[in-house]
Structures are given as structure tokens and as C-alpha cells.
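As C-alpha cells, here come the structures.
First chain A sits with chain B, and in the next complex the same chain sits with chain C.
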Partner chain A sequence: MDTRFVTMLRPFLKYAGANEITLDSSLRDLGLDSMQAVELLFAIEDTYQVSLPDELLTDTTFATAGNLWAAIESSGVGAEAGAKLC
Partner chain B sequence: MTAISDPSPAVTDFRRALVDALDTVGDATGRELWCALGRGGVLAAHTAGEDPRADRLRALLTELDARYPLGVVLSVCVQVATALPILLHGPASEHVAGVGAAALRGEAMLALAATDSAASGSDLMDLGTTAVLGEDTVVLDGGKRWITNAGTADHLLVLARHRPQRHFTSFLWVLVPADAPGLTVEPADGSMFAGSGVGHLSFDAVTLGRDHLVGAPGRGLATFSRHIATERLAGGLWAGAMCRRVLTDTRRALADKPLHGATAWDNDAVRQRFARCLVESRRIDALCADVCGGSGGLVDSMVLKASVADSLDRVLGECVQLIGADAFGAGGVARLRAEAAMFGVAGGATGAMLAGVADHADDLLGGPR
Partner chain C sequence: MLSTPPELDKVLAVAAEHAEHADADAEFPTAALDALRASGLLGLVVPVEHGGLGGTFADVVDLTMRIATVDMSVGMVFGMHCQQAATIVRHAGPALRAELLPALARGELYLASVTTERGKGGHLLTSESEVTAEGGTLHVDRDAPVVTGGVHADGYLVTTLAPDATSPSQVSLIYAARNQLETQVLGGWQPLGMRATHSVPMRLTGDIPASQLVGEPGGFRDIVTATFGPLAHLSWSAAWLGAASGALSRVVGHIRSPQGRKQFNTSSELLLTRLAGVRGRLDLVHALLRHTLDVVDRTQDLSVPPVQLLINTLKTQAAVQCFAAVDELVELVGLRHGYLRGSALWLERVFRDLRSASLNYANDRLLLANGALALLDQEVRLA
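Up next is the complex of A and B:
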């Protein structure tokens, strides 16, 4: 995942503490409620200047960090972010 | 949202166009007022650009509050602050774009139908109005209640769920014509909010083409959230204008009211109570400025909404006490206070705002989340 993505994600996860956020991390278990997820969507779209595809606007996309990152990559930021993989 | 500032030439021009438009109608229904604002170019000027300036919104609501009863102002406020921005947000079908253009010309009135019959008004996640998407159609079933302009709008912007999951991606907006088969409108009972067209809606297999969708399925709540800060700011700006108007009238009444050989305004206790109202009024203004200039977005707007409801009720309640029996006359402050209690309910109850504020306690305290 892009380090910028993890940095952006962490403030929304009140139970994450200093623990590592992995692809399998459950965003809900780490404290992301649905209304905060709206704010996370705004943060993603503002930060990466992308619009998540309509077909990926589902609860599954916001279930794990990996799912969300995959959705962002599918929006066309993968190539740019490739140099920053962590 | 840009900051409130000294009137720029553009705002001065806006205010002039606004006053000219309002002078053409005098006493008016919500529809007559909406037509006049559209015909006079006020609605188009207000929404020009992506970010309507706060000082234009303040000018509009201050002028409307000075001239019209609460229900009529509410009818315009809901359209300007929320319905129009959602309708004009992003790509639109030819049908939706046409309705948006007609609304800007004042030729089409809008209602925003979010509060659901199946859930608490502040709990959008549990709303029960469903939208079943077909290849070419969308079918609505369910109900909405306490909807401003329900009985007067030409088009109703309806928030519905197209998926059962309790997640923000489960919602969409549908633009429903007021004459759509299967739509029933029932006026709200009671005598409050005259001129607002408030009522309840029922959808029984209302079937429309997919060109009636506003925005993409799944983006309903996100789009609403994008504009909710503007709606809450509008509430704050309107409440601030209301406070200044009522306090000006109350100050005048106190100066004319005999008390112990002088006037009520000369009494120290009365002056202190009035001063407390001024402080509350300025608190509303300060929080509006905070929302305009801040970067907190939704959090700041929740703080604003919760505070505005409390401050406005305190100001109007104190003015009722200071004015005395005359406050209960026709058009008096007592009636206004009863209707203004909606500031603590409509668009998200104070309790829901405070719950959201608590969720962001660490942010507001300046520490880590």
C-alpha cells in the first residue's frame, strides 16, 4: 500500500493505535464507522484527485485496507503510487 | 466555503438584485417568492461558481428574514442551501439538468425529501424508502415526513436506499415529479410553519426512468454530506439574522416600556439579560465565521448546528420574557420561538450533532485521534 494512503487512513481508525495496518486489516474493527467512511472517501478523492468507480462504491470496498487500496489503484493512481509501495 | 468578508462589488450587486426582486412581489407565497428570485437572476447569481460565497447566503437570508414569516423563508432556504446544490452537483442526465436550469430560473420549485417515515429523522442509515434499479427504470416505495415544500414543489429530490446494507454506499437520489403516479402528498397538520408547504410523502411503486437519478447510485449520502456544511451554515446565518432583528425590536420595546419611573431599558437587571442575548447572538456569528474560514468541514458544522439551536432558543426565550404579554400577539416572538425550535431538530437533531462532536473530541481538543 502507498505510505500516503496508510498515513491518510490512520486518523480514521481510532482503535489502530501504533499497530501496523495491513492489507487484511478490518477497517470497521479498527473503528471506521459508516459516516466516518464518507469523510474517508472525501479524503481519498481529494488526496488522489480521483473518483472511485461507481461499481466499487460498496460496503465490501470499505471492509479492509486492502480492498480500499485496490479500489484506489483501479481508479488510476497505481502507476504513480508504484514507486512508493511499502 | 469562502469566508464572510466586507461586501465586495459582486455582493453589493447581488444584494441590489435581491432587493429589486423582492420589491416586485411584496407579500408573497413561497412559490411567488421563488419565481421572483429566479426571474431576477438572484438564484443564478447565488449559485454561480462551485462554491457559493457565504456573504451572498448571508445577504439572502437576512433580507428574507426581515420580510417574510419563518415558513416562507424555510421554503427558499431548503432549496438554495441544499436541494439546488445537490441537483447541480456533478454530471447530470438531460432531464435532471433541465430541471436544475428551470429551478435556477424560478420556474420549478424543489423539495428535499430525506427524513424518512421508517426511521428517526437524524438516522439516515436506517431509512426505509427503497429504490429498485432496473435496466431502464427505478421504482420507489416508502414514505417521507415533515418535508418542506412537499405540497408546493414541482420536483422532489428523494433520498432512497438501493441496497439493504447499513452503509453509506447504499443510497441514491431520485428526482420525482410531483405528478408521478403512485406519489401521494398529505399536508402536515397543525398551524406551524405557514407558507412552507410542509407535508408527508408516500411512494407506492413510483416508477421512473433512470434519467431521474441524480448522481450515481451509491453516492447519495456522500453527495448529501458534501453539501451538509452549507446547509448548517445557512441555518447559522439565518439564526444570526433572526437574533439581530428580534433583539433590535426588543431593544426598542424596552426603551418604550415604562418601569419604576424610567424605562425597562434603564433597569440594570434587564440590561444584563439583554446583554446575555447579545453575547449569544455574537456566538452564532463567530461560529459561522469559524465554519466559513475553517478546515474542519463536517465537524465544525456540527458544532455550529448544536450551538445555534441552543443560542437561538435562549435569545428568543429571553426576548419573550423581556417583552412580556405582547410577545404572544400575532406575529410575536413567542410564536417565532415555537417555530424556531426546528433549528434543534430539522437537518439533524442537537443530540445527533453532539454525538458526532463527541466522536471528534480529540480533534477538537487539538490532540491526537
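Up next is the complex of A and C:
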């Protein structure tokens, strides 16, 4: 996960507090709901200039930070990602 | 498919006999529940090896429709019980299944659902109800504003926060037997319709063994996606369609009767187009119901947006179309048979009952969810 990704996620995770966000962090447990998932998708697409295919927009993709990052990477972002945190 | 259970006629007869006074007095249909117990239908979805009837979701839909043609409240009570029972069948651990499934099959276990909360209303996927865990025991103290059949249930499936929850979305599902709880009824039930569901506010307190957790701690969301949500929408829609179909059947019977043929001109274009409109609404809902059943049956991951959209649309459309159909029937037959109590067509009761449909897990909330889901499905992959 790059720092941009974690910074982008934080505003959607109101129960994360100051805790570190890891690959295993459950986005739902940290406060992401289905209505916000759409806003998060827009943020991802704006930040990374990618379009996530509809097939990836499942509960599993939005379950953890790691799953969502993997979906972004699979859309061609990985190569240009910044400093790896995890 | 299950062949028609032999006792179904008895259930229908008892439900029909008591429907009017259960509605008038807002009483739970205890005689109908007794008939359901004796029929074995409380164990409809329990596998045969545990003594049940081994019924499918399609059987739940068929029987709920049949029962709701005579009393929509009893149909809802039955459908919601089957939803709870199927949740135990599919998600409870082996020990809890071994204890509960034979009791369900014997008709000894009528289950009520405790998912509503004061702070959050009917929203399923969050909770503000904390439980404390001590050793292997969960201390439950649960206040629920609406518990259908709660006074008459033998056991409850209760949503609470997981014991060490750090956010409201970590919801657990717990089975609690009546004799494990102190139950307090906090108020009455005087609604417009659905009066025989006796959906009272209750407080449930008790110490429940942690082994009675259904699914994983904090794992209720997965149960909702796989079983609880789809079967709720399928069985509610079946109840509404059954009630509206019963109403149309009685109106058609009335129009065709010698007395009715004096009142109605069956070549009237107004009459015919109105009837066609009502019938069309019911055929639409029926097609959507059967299609959704089929999709739910053959889809592995029900969380994908096209399937969630379909399951939600079934509920919202069934609610709107079935109510509209009965509203049009009231208009068609006029004041005496459409609006007055005591008419043999009892349209006014079905009208009042069906007015609840859009509010029962509110259409507005589901439409918001579906709007968000529609944005996630740019290709419009219709399920």
C-alpha cells in the first residue's frame, strides 16, 4: 500500500482513530459502509486515474485495505506506486 | 419441491377462522400458530435427517403465499419464522443445530427475530446494543422496539454488538431460548394493519452461553448476505403477493356471482382495463419473485451489486405493486365492498395490511442502497 492510499482511506474510517492501517484492516469494522463505498471508489479513481472494473466491486474487494489495494494494483497502479508501507 | 403438506388445509382453515377477530383485537393468531406447530410446518426448512420437511426457499415462498391469501399477518409470522429457522440450519454450529433442529421439526420452537433497536430503527447491519462477556457467558440486555410475535416465541435470534466490538458494524447473532431470558413487554401494539402480528416493544435480559452464537462473532453481515436478507425479501414479497392475490380472487368471484353480475357490467371497458391492470401488477411481482428465487438459488456470492440490486428491487416493487393492486381493487368494487368492514371481500383489511409493506424495512432505505449499488454497476449487468 502506498502512503497516498492510506491518506485517502483515513477520512472514510471514522473508527480507525490514530491506529495504523494495515493490509488486514477491516474497512467495514473501521466505519466504511455501502453508501461511502461509492465515494471511496470515486476517490480511488480520481487519485490513481484508473477505472476499477465492475467485476471487482464486490464485498470482498471492500472488505480489507489489502483487498482494495490489490484491486487497485490489478488495474495497473502497482508499478508507479510510492513508498511501500506494508 | 415439496408436495402440499397434508395439514396445510387445516392451517388455512384455522387462520381464516380467526383472522377477523385477531385483526379487530390486534391479537396474535395463537390458534393458527398451534395449527402450524401440529402441521410440522415450523420445521419446513429443517433437513429431513433432523426430522424436518427438508423444504427449500421456494417452498417457503409457496407456503407463505398460500397462508397470506387468508391472513397476511399469519403469512408474515410464518415467513419470518422460516427465515430464522433457515438461519439456524445454515449458520449455527453443530451442537446448536443438534439441539434446535429436532425441536423445530417437532413444532416446539417458534422463533422470533430481534433486530430492531431504538437508536437505529430497523437498520440491520449496525448495533448499539452492547453485550458483556464473562468466561463462556454473554450477558444480554436488549431493548427492541418491534418484536413480531415476541410474546409467543419459544426462542429468539437476537442481534447485538460483538463483545469486544470497536465499531457499530461488528454485529453478532445470538440464539436465546425463552427460558434463558427475562422478557418484559414495554408497550402495546395498535397499528393500522398487520394487527395480528402483535409486534410489541420488548426488553430481553439474560445470561446466554457463548456457544449459542450463530455464525462468527461480529459475523452477522455474512449471514444477512447469504440467508437472512434474501429470505426476508423473498418471504415478505410472497406474503404481500399472497394477500393481494387473495383479494383479486375474491373480487373476481364476487363479480362473477349472480349478485355481482347485477352490480357489474362485465363488458365495461373501465372494469376490464382496471382488472387487467391489477392482474398485471400481480404477474409482474410473481415473475420478479420467481426470478429472484432462481438467482438466489444459483448464485454463489450474493454480495455482488447486480444480485443485491435484484433482491432489494423485489422487496420495494412487491411492496409498491401489491399495495397499488389492492388500492385499485378498492376503487373498482366501490365503497360498500371496498371500504367497509364486514364485507365478505375484506378488502379494507388487506389494504390496511399492505400499507405496511413499504415501511417494513423501509423502501426509502433500500432505494438509497440501490442507488449506490447502481453506481457500482456501470455495465448494468442485469441479474
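The rule is short, and it goes like this: the second predicted complex is superposed on the first by the 81 of 86 C-alpha atoms of A that agree within 3 Å, B and C clash if a C-alpha of one lies under 4 Å from a C-alpha of the other, contacts with A are read in each partner's own complex, and residues count from 1 in each chain.
One rule holds for everything that comes next: contacts are C-beta pairs under 8 Å (C-beta built on N, C-alpha and C of every residue); 3 or more make two chains touch, one makes a residue touch a chain.
Keep in mind that this is a model prediction, so the values were computed, not measured.
In the superposition on chain A, A:D29 makes contact with chain C only, not with chain B. Using the contact criterion defined above for the overlaid structures, shared-chain residue A:L41 touches chain B and also reaches chain C. In the superposition on chain A, contact of A:D54 is made with both chain B and chain C.
The residues of chain A shared by its contacts with chain B and with chain C are 33-35, 37-38, 41, 54, 57-59. For chain A in complex with chain B, the touching residues are 11, 14, 33-39, 41-42, 54, 57-59, 61-62. Listed in rising order, the residues of chain C touching chain A in the complex are 125, 166-167, 169-170, 218, 221, 225, 301, 303-305, 368-369, 372-373, 375-379, 381. Residues 125, 163, 165-170, 216-219, 221-222, 225-226, 297-298, 356, 359, 369 of chain B touch chain A in their complex. Against chain C, in their complex, chain A makes its touches with residues 15, 28-31, 33-35, 37-38, 41, 54, 57-60.
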